[in-house]
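These are the structures in question, set out in turn.
One chain, chain A, links the two complexes that follow: it is found with chain B in the first and with chain C in the second.
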Partner chain A sequence: MKQDRRIIALFVGSVLILGVIVGGPLLYSIKLSFYTAASFIDTPRWVGSGNYLEIMADPLFWGALVNGLVISISAIVLQVVLGISIALVLNRQFIGQTIVRALSIVPYFLPTVVACLVAQWMFDPNYGLIKSIMASFGRGMFDWGAEPSTAKGMVVLVSVWIWTPFVVTCVLAGLQTIPSQLYEAARVDGASAWKQFWHITLPGLRSVLIVVVLLRGIWMFNKFDVIWLLTKGGPMNETETLPTLAYRRAFIEFDLGAGAAVATVSFLFLAIVILIYLRFFPIDEAKQGR
Partner chain B sequence: MTVTQRTPQLSAEAVISAPRRQLLRQAAGGDRLPQNGQAQAADGQTMDISGWPVKKIAMRGGLYAAVLAICVYSFFPIYWMILSSLRAPDKLFLDTSLVLWPPDLSSYKSLLQLTNYPINFLNSVLMAVATIVVATTLSSFIAYGATRLRFRGKTTLVASMLFAYMFPPLMLVIPMSAAFRAVGLADSLGGLLIAHLAISLPLAVWLLWGFFKAMPFDLEEAAMVDGCSQFGAFVKVVLPLSAPGLITVGIFSFLLSWADYVFALVLIMSDQNKALPVALASMLGAQDLRWGEILAGASLIALPLFVIFAFCYRYFVAGLTAGALKG
Partner chain C sequence: MDNHNSGLLKFKGSAIGISRRRFIKTSAGAAAGIAGSLAAPYVNAQSGVTLRFLNNETAAGSQAVLRDAAAAYESKFGVKIIIDSAPISASYAKAMAAINAGAPYDLATLGYIAHLLQYANGGHLLPMTDLVKKYTWGRMAAWTYKGENWFYPYDYNLVTVYYRKDLYAEKGLKVPNTWAEFLENCRALTVTKDGSVERGGCVIPLASDSATNWSSFGSLLADVPKFYDDKWNVTLDAGQDAARTAHFLDLYADLYKTMPPGMNTVSYAELMSLFVTGKVAHTVYSGRVVEAIEARNPELSDKYGIFPSPDSSGKQKALSFAFDGFVAFKTKQSEETLKFLKWFIDEHYIDWLHSAWMNFQPARMDVYDDPRWKKHPMIQKHWATMMQMKGFVEDENVRIASLDKTGPEMDLRPCKIFDLNIMPEMLQNKVLKGMSSADCVKTAADRIRKIG
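Here is the complex of A and B:
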């Protein structure tokens, strides 16, 4: 087949645009992390590894790393458990199945800002619905965003609400690939529903879950908007994670270099974790359930 | 990275064969889903007098209770948002009834008359439309080239699309804010458009690549034998046949742009240029107890999504299972 010049030109042009707008900032970010500038208009000064050493010496950085891990891991565990449970229910035959399935993924497509504002409205210490419900049980006001543990809990809860539908959809697709003969054979052998789940369903979902946990892990660890909208890293930095720390350093303390350094280190850390994860759970063996 | 080796087929298959599989499943009915209630209850059940297996009734009841719980869990917060936005301002902070009639539109009125919301809405629409058009166009060129042109490093190119997902958004937005300031794109919608393209293009290329790869070459070759150039075949044969893939890409580009908070927060400073999510979130801090207006604004952001979702549900699910998208 002869290659058409116009196709080649459009392809090369588009790849160049993509390279400039995605690759450019990433390289520039690494460059910025070696410079320091007191403000946006100041000329940047080369500091070598200065920014990196500075952020590593900051206890806030390590606190943010730990917070990020705690929030990501608890959110992922809850998403996966809840996601599998919901998918198992939606996999049954019932009246209105299509509508309920559609309804159950709506939260995923809602803009994060909407989900966060609604959560803040419902959890509002003075006027929220949760406060009214608690009042009817005779409990007083409680500011959910002000306690370290409940603030973290709120971030996790909202994340789980938004992103569980992703797990549900993937698991539902995975469930269709498990051969029904396996269940028939198990029933003939008298295996209980729990045993069938444990020995047939879960192993059948293994490959789907490997991919889902990886993707959700990456996205949860990099999550900025949910935390910033709900708690802004507070109270007392208890929900500060690496993305919010990078934002704070770059745009509130106007230290672009340090912000870029935090973002770069956070990416390196994530890359190492992903490599280790893929060593334990190789994806090419995981055939997405097929 | 290894991620790429498998998922491509998946994405193509998911987009193309999802409806077909759905049909198969429906045709096969309960037989293909042996883990459903009826099949399980069929053996070893106790009968009550009327002849209905007690266990079966209990299981159906349990199933519908679970389904109801899922509906409430998924939709109640959204329902509560819309309901609160329609409450009269003097009742908003006191009334917690679950139904409301007649609806009161005063929150919407003051939102649209007293705030920048209409301008912000227009900005968001502009951004979203521009992102859809540019991202779909550029990604179709890239994806088509990556499947049909002969050159080295094709796999690397597509694999790098996945890498783009791993990078923290802050690693893109920090350098962008510095670079845009230097070239005079600070606080401009043009700069924001570049940012939205940077987040939606990798996904779009990835989705379309799977789609074009699964499309047989014979169709284009037939067109070219009939005297069409490759470019002509691309425009007249490939693109029309890829409509489902292009729609999926368009929807997800829209979602990324419409819902973006991080980039708009950093790159836009003036109230006039703000996109909806940032404008709305800043209302919470700036004006106390403006909950009626805020919830009305949130409902209006969600409204276009509900409309698109109702019509294009299939494409949403296709995109989701294609192993992609917004996180």
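Here is the complex of A and C:
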């Protein structure tokens, strides 16, 4: 009974803290989206749905939504494919396995700003390492920041570099929960490596992958730091996503209402996508299916 | 049922020998200590006055001057000055948060007209007209708004064109008087190798940021297109103004071919580093380039020169500029704030200017004759350049202008052109999207109209 009360108290405490930390700013942001203000010291003026109508009519908003989806999906696919591949290698016994496993998660420890600076210097079109390598082959350096596709590619590349170790770690943990007897039985039955992967490994990783894709999807869609540090949404807004657009509107253009409206729509969009995703890939059923 | 250890705190099931009472007493003591230390400024304020100064000049030298001045002022007058330094991008948000919290800073450095107008319109600033009136100021340095001076200027950030004198001599080039001559010089100094630009003719950025807004439009401003008429109607895409702006875009597209790659990600640091490392023959920046030359490549210190941006016909020149100054916020301590500022100007203004000896080009004209200021060894070394910069300020044929001050009067509308990166995106539309110059101008003008 006493323990129950403690549990209830801890639960209520947690909910209250979360309510204040997450719910408070969220509600404030939603409230702000119905007002217009030229700065944080300006008196906000009620505009109803005006900010929402304005952003919906802005091609930049739709461009940012599409850019966010393209960057997120590309990065997640690459991270998952690479993550599984690396985890499969690291799951095998070999000399130095522990050291290699430790090294493989180093990029995950790097502060994002450091990773982005390193990438910028490597790919700098005037001084960068890649420029020197290309020059040694008699080739000129491409200006990655000037082309929409290469600028997007750079954002995806850096995101994959930083976050693949997270996928590797999760998948590696998942691989170790798959009973080895299943592989032995498959080998006895003459199943090829591909068939073992397809019929044993992948189903065994289902629950892990559902969570990994969900988390990476949320984090990538809300990604701000990498894009801001590398391209600031350029060139020509081709790497602008909803988080950078919300920031730009609120903190550079000081159109606080429009910034809040972009953030609110982004939040609602993501919430709906997550609900649909979980409907198709329920986590509990995945566990039971194993 | 509690056992005899029930009053001890447990760690992983084992008692660690601290009673609850002792733990509570220790915690209370610690809390009181923390609360006491947090309340220190308040206690200090009881014994005298504490002023809070928000500084956005984050160079170590500038911060050191402020720290020394604060220490000297406290020992002389018993008034504590707390210096809070933050980059310009963060200081505006900090200042607004402080105002909203009901505890505005007492003083701040400020360098963007939009911020100043918002503070002034909100009634948050103290006028400084009396302080400013005591001196003679260079053109556009101590501008007024609603009949008052709201800031005490300390520098111009004039954007001059830096060029390599040695390369000019090598190729027999002259300082350009028109756009066409500037383009020819850039072409003549461009070196390519293996498909790469080894040395660019110039660097004039087109990124969507303040560096491009500030530095890239000197040549456009020299041709004086009007963005607005006298009633704030947008005229950029009409008649002569449209033609001049389109002509400038054609020039930019030609110059772009002489630039090294990466113009879309070039910001303040790269504008300097590309020139200092010899990667370009021209750059556009303020006096900080000279400081960078001395710090990183002193061999160039006698090989650079400056000139203002030419116009298309050779009749006029222009310098894009930004200002920097001190502002005082309205607080309960306004009298003490102004007293400190007056003391700082009398005692430490020159030290402050020395902390960025070339970038803090004096806006107050008497400073150029002040022996304390002149004795700085680097100012002496680059005296000819400094005098040339002063000459630009005094020469009526050199227009001093900026994108955020276009229009019939000081207003927030042109600041929005700056904030929304309308002009940098006009350059991007021209050279990255390949739009016609006329369409680029029309698109930019339509966006300006939307601002209202």
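Please note the rule applied: the second predicted complex is superposed on the first by the 267 of 290 C-alpha atoms of A that agree within 3 Å, B and C clash if a C-alpha of one lies under 4 Å from a C-alpha of the other, contacts with A are read in each partner's own complex, and residues count from 1 in each chain.
Operating definition for what follows: contacts are C-beta pairs under 8 Å (C-beta built on N, C-alpha and C of every residue); 3 or more make two chains touch, one makes a residue touch a chain.
Only a predicted model underlies this, so the values are computations on that prediction, with no experimental measurement involved.
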item	value
Partners on chain A (chain B, chain C) - clash or fit	clash
Chain touching more of chain A, residue-wise (chain B, chain C)	B
Chain B versus chain C as contact partner of A:P235, first or second or both or neither	second
Partner chain in contact with A:F254 - chain B first, chain C second, else both or neither	second
Region of chain B that runs into chain C when the structures are aligned on their shared chain, from 55-63, 145-153, 163-171 or 235-243	235-243
Residues of chain A contacting chain B in one complex and chain C in the other	40, 120, 124, 126-127, 251
Chain C to chain A touching residues, read off their complex	93, 96-97, 99-100, 118-119, 122, 124, 194-196, 207-209, 260-265, 274, 277, 279, 412, 416, 419-420, 425, 428-429, 432-433
Chain A residues touching chain B - in the complex, by the definition given at the top	1-4, 6-8, 10-15, 17-18, 21-22, 24-26, 28-29, 32, 40, 86, 88-94, 96, 100, 102-122, 124, 126-127, 129, 132, 161, 163, 165-166, 169-170, 173, 176, 180, 183-184, 187, 193, 196, 201, 211, 214-216, 218-220, 222-225, 228-229, 242-243, 246-247, 250-251, 256, 259-260, 262-264, 266-267, 270-271, 274, 278, 282-284, 286-288, 290
Residue ranges of chain B in contact with chain A within the complex	1-3, 5-7, 10, 14, 21, 25, 29-40, 43, 63-64, 66-67, 70-71, 73-75, 77-78, 80-81, 84, 92-93, 96, 138-139, 141-142, 144-146, 148-150, 157, 164-179, 181, 194, 197-198, 201-202, 205, 217, 221, 224, 229-231, 234, 255, 258-259, 261-262, 265-266, 276-278, 280-281, 284, 291, 294-295, 298, 301-302, 305-306, 309, 313, 316-317, 320-321, 323, 327
Complex contact set, residues of chain A against chain C	38-42, 120, 124-127, 131, 135, 138-143, 145-146, 231-237, 251-254
